[in-house]
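One chain, chain A, links the two complexes that follow: it is found with chain B in the first and with chain C in the second.
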Partner chain A sequence: MTIIELNNLTKYFKVLKRREGLIGTIKDLFKPKHEVVKAVDNISMKIDQGEIVGFVGPNGAGKSTTIKMLIGVLKPTSGDLAIYNYLPYKQRKDYVKNIGVVIGNRTMLWWDLAVIESFKLLKEIYQISDKDYEQNLEIYNQFFNLSALYSTPVRKLSLGQKMLCEIAAAFLHNPKLIFLDEPTIGLDVAVKEKVRKLIIDLNKIKKTTILLTTHDIGDIEELCKRIILIDNGKLIYDGDIKKFNLIFGAYRTLTLELGEIDDIPIESINEEISDTFKPIEPIILKKKEEIWLTLTINQDDTKLIDILNFLMKKFSVKDIKIEEVELERVIKEVYAGGLK
Partner chain B sequence: MLKNLRFYFKLYFKITSQYIKARMQYRVDFLISIIGIIFTNLIGIVFLWVLSLSIPSIGKWEIDHLLFLYGFSLLAVTPLQLFFDHIWILRYRLQEGDFIKYYLKPLNSLFYYVSEVFDLKGLGQLGFSIVIIIYSSIKIGFEWTFLSTIIFILLFFSASLIMISLMIIAASAGFWITNSYSILAFIFNFKDFSKYPLSIFDGMFKFFFTFVIPIGFVAFYPTTLLIFPEDIDLTIILSPFFGVGLFILAYSIWKKGMNNWSGTGT
Partner chain C sequence: MFKQYKKYLKITKNSILTVTTYRFHFFFSIISSILYFVIYFFLWRSIYDSSGSTIINGMTFPQVIVYISLAYSIFVLFKTWTEWGMSRNIVSGQIMMDLIKPYNYHHANLARSIGFVFFNFFCITIPIFILLFTVFNSTIIFGINLLYFAFSLCLAFLISFSIDYSIGLTSFYTESIWGISITKEVVIMALSGTLIPLSFFPDSIEFILKLLPFAAIYHIPISTLVTPTLGVLDYCIMFISQISWVIILLGFNKYFFKQAIKVVTINGG
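Entry: the complex of A and B
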């Protein structure tokens, strides 16, 4: 069953085009020049009940603007938008009863109140029945041991604890649809795992549709079955995560600190690696900021550890970083036809 | 409608009692702010008294009448202080983007916004203003009959609504401009003019304080109606309507602001 439907959704912003210098500022004051920015440009999509969809894009791609239209904060410039047959910005109060929203770096709870008091207020606001309320607290306790945090005021929670409580709060009134905007932003790896587990489990138990905005590839890989990729306000990919993973999941970026690398002949190392490992896909080798050497490796092709061993024998390596592929690279690939 | 009203009253009570409980953890903070507000007003009264030594009366208005006016004015701004204190930091909420949360609960947005803060020091102000009003009403021989009490309450409601509405309008400027503080402070400082009889101002100012920034309705006109009913004129009769009308205007500006705001980048 389709619950979210967007057709050619578009949002333009009229922004003041600032001129430079003092004279420019004065001119702006009296004769402002406006410029139209297309924040969201003709996006169409359909989302079914129960899906976890990753809504992905680099900073400034139009993710937030789209989400703001979906949660009823912004009015679209043009296009159709229907969620459970509601028009979000027009029927705000009735519509938001059916959704839950978590925004990574903001709190939706009451800053000074203990967590459980916030929950009690939510019970009142959403008029949650005693049965549903007890049941949810039971789930939170059983699976995530959340009750340990209940008596702490929200402002005293750590970032990770706060996020767990925010997510629990968003699920409290059993909404059919939840928006998670950067839920793992600023969290360390262990806490990220916890937050992801909470999201997966609650989705399984409650069959809630989840729209997840993030630019953390890890979130997407672990949580989503489907991703929607946008860039410059345009939808550039909408489809199965498996296909996506097949292409990008195996990539890792290996970064080595080698001290002075000015006199290291990049080309010859590159050739040597190619000769030794014979990768199907060429390994990209780059110098970065004087002392770093980065390699992007497809692990299906070549074992990262072998390359590391190979380089360790040749150079004195001072430091190592292994990272998942960056979103910017993914987007470049998509434009180049990587997902076609 | 009535069910709705009950829902909001109950909710407000629950939020506020929790809020007070949390605030009470900072007892010193609370005591200092109460003492602060009482001292500020004591100084105001001493100023009135000193003034009365050199100027014994302004027209009919003698020191006790002025005290009554002062008390009424203080009482009229108390609901603003108690229930609408959150309005002062609206501009921060807007600038930092936190304001987005007020769209996301199935509640009236203005209610949700102001319900988050209950200013305890307003209680000190409430007590203080009641004491002044009782003291001065005895001194000037004001009779608290059934009718005069009803009129007093009606005028008080309308006066508070005017002050609240003016501040909502001023704060709502933040939806369109980045720093609305100057407008907010500008409007708020006008409340000080309400502590003096408008008859000391000439025609132009009187017009300004009646129809442009209707601060005259906050204390001067209501007090005149109460203690000098023989001076009654049409503007005073209009007073209760002014409060309601201005609040409707303020609320529609707030709504418009909410539709206009697009949030911050994240």
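Entry: the complex of A and C
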């Protein structure tokens, strides 16, 4: 069942173009200059009940603007938008009863009060029945031991604890649809893992549709079955995560710090690696105080262990970093036809 | 019907809990309001001493003190920082969290504001009154007028809140209301009788001022309490004028919010 439907959704912003310097500022006061920014440009998509969809793009791609239109706080410039047959910005008060929202750098909890006071307020606001409320608190407690945090004022929680509470609060009224905007922003790996587990578990228990905004590839790989990629306000890919993973999930960037290689000419190393392993990008060799070698491989073609063995035999390797591919690169590839 | 308002009650409760979190805020609120009051007392005493007569503009010194202290305690009672909170939420983008909740933005702000009024009442108004009756030996004749006063005060609060709220809404356009809010405070202080009793103004100006909503916040409730000569007709006129201001401002704000929400751009992230 389709629950979200967007047709050519577009949002333009008129922004003040500030001039530089003191004189410019004074000019701005009296004769402001505006320019039009296309934040979201003709986006169409459909989302079904129960899906976890990753809504992905680099900073400033228009993700948050789209989300703001979907949750009914921004009015689209043009295009159609229907969620559960509501027109979000028109029927906001009725519509928002059905959704939950978590926004990474905002809080819906009362800053100065204990967490439980915010939960009690949400209970009244959404008119949650005692039974549902108790049941949810029970689930939170069972899976995440949240009750330890209930009496702490929100301002004294750590970033990770706060995020767990925010997500718990968003699920409290059993919404059918949840928007998570950068839920793992600024968290360390261990806490990220916890937050992802919370999201997956709650999705399983409650069958909630989740629309997840992020620019962290790790979030997407672990949480989503489908991704929607946008850049510069335009939709550039919408489809199965498997296809996406097939190409980008296998890419790894290796960075190695090498010991002395004075006796071997650099060009010959490059050639040798290129011939044997066929890296996806040209090898970068930086020689300053330390020598750093960077190469990106596709794990489907080349076993990581083989290349490490090869390099370890040739050089004395001091340090190794293995990284997943960055979102910016993925987008470049998509433009170049990587998913076609 | 009642169930629908339970959420606003909880907002009020949380808002009271919030203010009481900070103990120093509490102590300094009391100290600053008492200081302010003491300064006023001596200012007006020196005005009366230097004028050489016991009655100025038809008011005796004790009457002026009662009037001014009542006006000031209403002023601090209604100081709920509504417009500041609204503008801060607009600038930071936190407003989004209000807009995604299934409640009325106006009612939620009103509920929050009532929480502050409760705090102000117990921490500022009551200490000032105790001071007024014990240290400065003022007298007010209480009777049925206390009931009228309470009723009038509730209406006055709605007017005061509505003015704050509409100023808060202007920050949807301007993003900052520092200047506007300060101007509002000065205008209200000068034109409402908080700084100088309205009877000290020339007759024609006094007449105009009494027509403005500012007088309905301060002058009318105080008059119901301290003027023993009022008849039924006077009360009717006062309440009708207050009620019409409440209706006008609520209607205006409803319309204003509908307009303002269209231009809102949510900042950040």
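We adopt the following convention: the second predicted complex is superposed on the first by the 278 of 340 C-alpha atoms of A that agree within 3 Å, B and C clash if a C-alpha of one lies under 4 Å from a C-alpha of the other, contacts with A are read in each partner's own complex, and residues count from 1 in each chain.
Here, contacts are C-beta pairs under 8 Å (C-beta built on N, C-alpha and C of every residue); 3 or more make two chains touch, one makes a residue touch a chain.
The structure displayed is predicted, hence computed values, not measured ones.
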Once the shared chain is lined up, is A:V73 touching chain B (first), chain C (second), both, or neither of them? both
Please indicate which partner A:L293 is in contact with in the superposed arrangement: first for chain B, second for chain C, both, or neither. neither
Intersected contact list for chain A, partners chain B and chain C 13, 64, 68, 71-75, 92-94, 96-97, 99, 101, 103-108, 110, 112-113, 117, 120-121, 124-126, 153, 181-182
Could you please specify the touching residues of chain B with respect to chain A in the complex? 10-11, 14-15, 18-19, 22-23, 97-98, 100-101, 103-108, 116, 259, 261-263, 265-266
Contact residues on chain A for chain B in the complex? 13, 60, 64, 68, 71-75, 89, 92-94, 96-97, 99, 101, 103-108, 110, 112-114, 117, 120-121, 124-126, 153, 181-182
For chain A, which residues are in contact with chain C within the complex? 13, 64, 68, 71-75, 92-94, 96-97, 99, 101, 103-108, 110, 112-113, 117-118, 120-121, 124-127, 153, 181-182
Please name which positions on chain C make contact with chain A in the complex. 3, 6-7, 9-11, 14, 17-18, 21-22, 93-94, 96-97, 99-104, 262, 264-266, 268-269
